[in-house]
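Listed after this line are the structures, all set down as structure tokens.
Both complexes shown next keep subunit A, but they swap its partner, so subunit B is in the first and subunit C is in the second.
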Partner chain A sequence: MRHVLILIALLLAAPLDAGALVGEDPQEARVREVATQLRCPVCQSENILDSHSGTAREMLDLVREQTAEGRSNAEIMSFFQTRYGDYVLLSPPASGPGFVIWWIPALLAVGGAGLGLVLVRRLKRRGPAAGPLRNPLSVRDLEEMEP
Partner chain B sequence: MTDTVHPAKRPIRWKYFLGALMLALPVLLAVGLTRDPGKLPSALEGRSMPSFEIPYLAQEGTLDSAAFKGKPLVLNFWASWCVSCRHEHDELIRLGLRSAAQGDFRVAGVNYRDDPDRAQGYLAREGAFPYPSGYDGKGRLGIDFGVYGMPETFFVDAGGTVQMRHAGPLTDAVLARALPKIGVTP
Partner chain C sequence: MILTWAKLGQVATSLALVLCLFAIAQAVLSVRRASPARLTAARNAMYANFVLLSLGAATLIHAFVTSDFSVAYVAQNSNLDLPLLYRLTALWGAHEGSLLLWAWYLALFTAAALWLHWRDHPLSMPWIIVTLAAIQFGFLAFIVFLSNPYLSLTPVPANGRDLNPLLQDPGLAFHPPVLYLGYVGFAVPFAFAVASLIRGQVGLEWVTAVRRWTLFAWTALTSGIIFGGYWAYYELGWGGYWAWDPVENASLMPWLAGTALLHSMMVQEKRRMFRTWNVFLVITTFLLTLLGTFLVRSGVLTSVHAFAVDPGRGAYMLGFLFVAMVVGYGLIIWRAEMLESEGELESALSRETAILANSVLLLIVAATVLIGTLFPLAVEVFTGQKLSVGAPYFNTVVVPIMVALLFLMAFSPSIPWRGMAPARVLRHFRAPLAVAALAVTACLAIGLRAPLTVLAIAGVGFTATATLGDMRLGIAARHRSGGVSWLGAAGIVLGRSRRRFGGLIVHLGMVAIAAGMVGSGLFQSQATVEMRRGDSVAIAGYIVTLRDLENITDPNYRGRRATFSVARDGQPLFELAPEKRFYPIREMTTTEVALRQLWGGDLYAVMGDESPDGRLVARIFWNPLVSWIWAGWAIVLLGAGLSLSERTRTRRSARKPAPEPEGVPAE
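Up next is the complex of A and B:
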């Protein structure tokens, strides 16, 4: 029994260090980080890491080269931004026309909360609702209704 | 304070505001539906053309952007694998002949992500351009120009500023709109 327990413990412990064993080259990790934030201009709904288009492959090579040259993530992103515009960034910048995209959800949330507040206040002003709620059914009423 | 005096006024103002908001959203979405999501604006328009020096497709030497200084330029990206390039082929040949005859503007081609032999075969089949094409095998120049599909044509004025980018085949209507922007009568 003890051997079995040790075996299970060892099996469970084995993957703990797996991250260190298959540790990614930090430079390649940065390439991946940048590449997942850039949109493939050809397929338009994939990032350049996932895309198989030739343009995306070439863009990935450029990211790799520039990372090796020691350029920062921001520098590499702006390299593509000056060529393809904001469109190439998968998260649009919060400035310029892109700010609409970021603020519409907040605007809708505020609008919805406002609407809810107005409705609640109106209901409160009206007082308790008229109708059956004013004379709720008693236990006897319910018993009488049972077939 | 006004709340206590006119308790009924506030909700009405809110109603208008929310009504406007609910109307504005479908209008915004409806406008969005009329636009072609495949068409991307060019980041290059209004900026100076990237400088380049790439080998020619069919001859020795390089296609050098410095050689185009001082004259308006029509720069066309094409490929043998591109179907719509065939639709604009005759238009480009006409434009090239006109440029050669009048000399008031230049035309140049960039063969993009292509196999040089196939590109040559394409020109033999469809008719050679009356102007040289550079060869951009890996598409690096295309990335510098923000190219995303074939064909694309850039209209650059005499000062070297990109005035317009057209994605898709060139037509008389497109040229009539684009050429005046670089100071050329269509």
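Up next is the complex of A and C:
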């Protein structure tokens, strides 16, 4: 696909201008993956890919270098973590105080599910509701199903 | 000292503050001594409060328009070269003015609520006035004593410091006032709920009275958030619209709670259930709007230290929030025994259950966002350690719940109240299930494997089909029974079942927004490339060629512009011309995105740095389906408007006996 595009582009560009088709480095995708997980230490909640600051540029270059050296995402992240502390990770590690924000939503979800279970249990104990419930819906019902 | 306009504004605002106290006293005494005259006096004080605050706001606008730099706030946020539009919008361009706007909105809504509901709710009225006046007092005291927009500046500077360049944009000009419309709008339902809790009449009255207020506030809040996203998208230049920035989270939290409230209130209205849940939700929503205002306005988000620089303001805001929280939740605990439900859940497959699940999920998201936003602050205050909670965290935790909510959105309108037999439910959802299965197959066929991605796409198909199916069902029933054409039937149903169809249209809009988010979130492509004049880059089938780099000048700024030409299949299509601007007064650089909305998505170009030898770093994005988000918003607005146009009490089903006037005293 890329080659086709390049070919098309070259064909297009040739009569228009003498410029070249520049492409993104294939490793950029991985750089981006890592860079969006890292916080620019001098900005307001921006990752190092989106930030225009000098520090972010330097960090981005380091990510590029290490990606080119074949380091894994986790290795690169832990490199920055030891250098700048947990602050640099946009998704806080579950070790340390960060465990709180990982556990609370999980507990809430369990609590919500528990609530649902209790309600359904109570329903089952009472047995199915009688009355108009199983009746087919009337035309008006269908038309309105009034909220 | 001669009386200036600004001084007049200050006097008016201070007087409004005193009037709030007067209104509270009169309203309480009207109950104590059973004196209607005192209640009228309290109401008139709140009307006067609105007039005075309008005068206060008008004097500040006057100062901006005439560039009266003797007013410190004007000197800090305006400039002789600033276009008139931005001089007007500069009113809410910074802390002091935006709080004045908040207070003015509250005065407006208070006056409107008293005028609209005066006859219908005489017994709740004193407490509604007390609540609204107390909130107003809290804000005005803050404005007058700690955040005064009328303070004068000596010596008077020759020119102002200019409005923050980021705010010199029509998108941001209208984001805060619309967002605040939503924030402050929730104060009215809150006041009604508090009044009914104080009176011990926690029945239907407050819920039916505030249905449209709640929907109005929700619609404004939704619009404000969307405007903010739109602004971020074309102004900030990072290719997205939502960054899980704390400022954004601050507005999302009340939206989540408000959405839960909007749905849960219907259960109380139709089934007399969820009383506690509803007062809890309305109080929580209001507290979250206060938290949102304070988080953004106290500077605590920029850094904990900015908060500490002005400890008076921060402490006041925390105190205010604390009092509101104690009063709100305290009232629920005090009245706990009165909040028992009359109805009960009868089936696991019923609309009430679906709405309950919906509110539980929405509250879990709200709690997650709250914790994720405040936790780093708390850790820093208590341990000094700095932590970040950003987009990767929120995406991991929140997105799965949102996908579940997307599916749930199809259920509540389709399943009737009280319950439906499982076999019927299955039959009812045949078409949506088929579409969802088709979507899953298509995803797998093109190589998408991530379960969440596949589920999200299936959810969009499922809910869109179910919602359209519900609309078709309603129209078809009228078509068959009334012997009218399909178009006629649609017209009749749209006119008669405005709430039902308004809700379905809103859901359809939300599905469009979800589709836009799925498309742009999962299928964005981007290229960061170094280019010389004449170089091209290929993205999503388009060839983007850098044509020119030039200087630009404006009275307000100077900068550079890059011109790209875009071609596809050999056909030159259009040009993109992103800019970089430098505002000398504030010494700030901003990027101006160039974007073109196309059928499948947006082509989006941002200028980066230039090297001396004429190479430009450009970021080009292909953002699929982003415009669906904005289109979805327009659909939401349409549906909400339709639903708002129906008065709650005007139409009751003729077959059913009229609901007991539960909690409504003979008045």
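We adopt the following convention: the second predicted complex is superposed on the first by the 78 of 147 C-alpha atoms of A that agree within 3 Å, B and C clash if a C-alpha of one lies under 4 Å from a C-alpha of the other, contacts with A are read in each partner's own complex, and residues count from 1 in each chain.
The working rule: contacts are C-beta pairs under 8 Å (C-beta built on N, C-alpha and C of every residue); 3 or more make two chains touch, one makes a residue touch a chain.
Predicted model, so just to flag it, every value in this text is computed and none were measured.
In the superposition on chain A, A:125 makes contact with subunit B only, while subunit C stays out of contact range. Once the two complexes are overlaid on the shared chain, A:95 sits clear of subunit B and of subunit C alike. When the two complexes are overlaid on their common chain A, residue A:59 makes contact with subunit B while staying clear of subunit C. By the touch criterion defined above, A:44 lies against subunit B and subunit C together after alignment on the C-alpha atoms of chain A.
Looking at the superposition, the partner that touches the larger set of subunit A residues, subunit B or subunit C, turns out to be C.
In the superposition on chain A, A:82 contacts subunit B only, with no contact to subunit C. Look at A:115: by the touch rule set out above, it reaches both subunit B and subunit C. When the two complexes are superposed on chain A, the residues of subunit A that touch both subunit B and subunit C are 44, 85, 87, 108, 115, 122.
Residues 7, 11, 14-15, 17-18, 21, 25, 37-38, 40-44, 113, 138-140, 142-149 of subunit B are the ones that touch subunit A when the two sit in their complex. Against subunit C, in their complex, subunit A makes its touches with residues 2, 5-6, 8-9, 11-13, 16-24, 28, 32, 36-37, 39, 44-47, 49-50, 52, 85-92, 97-98, 100-101, 104-105, 108-109, 112, 115-116, 119-120, 122-123, 128-129, 132-134, 137, 139-147.
On the side of subunit A, the complex with subunit B involves touching residues 41-42, 44, 54-55, 58-59, 62, 80-85, 87, 107-108, 111, 114-115, 118, 121-122, 125.
Partner subunit A is touched in their complex by these residues of subunit C: 238-239, 243, 245-246, 266, 270, 301-302, 345-348, 351, 353, 356-357, 360-361, 364, 367-368, 371-372, 375, 379, 383, 385-393, 396-397, 401, 413-414, 416, 418-421, 470, 473-474, 476-478, 480-481, 493, 497, 499-500, 503, 526-538, 541, 543, 545-547, 567, 569-570, 608, 653, 655.
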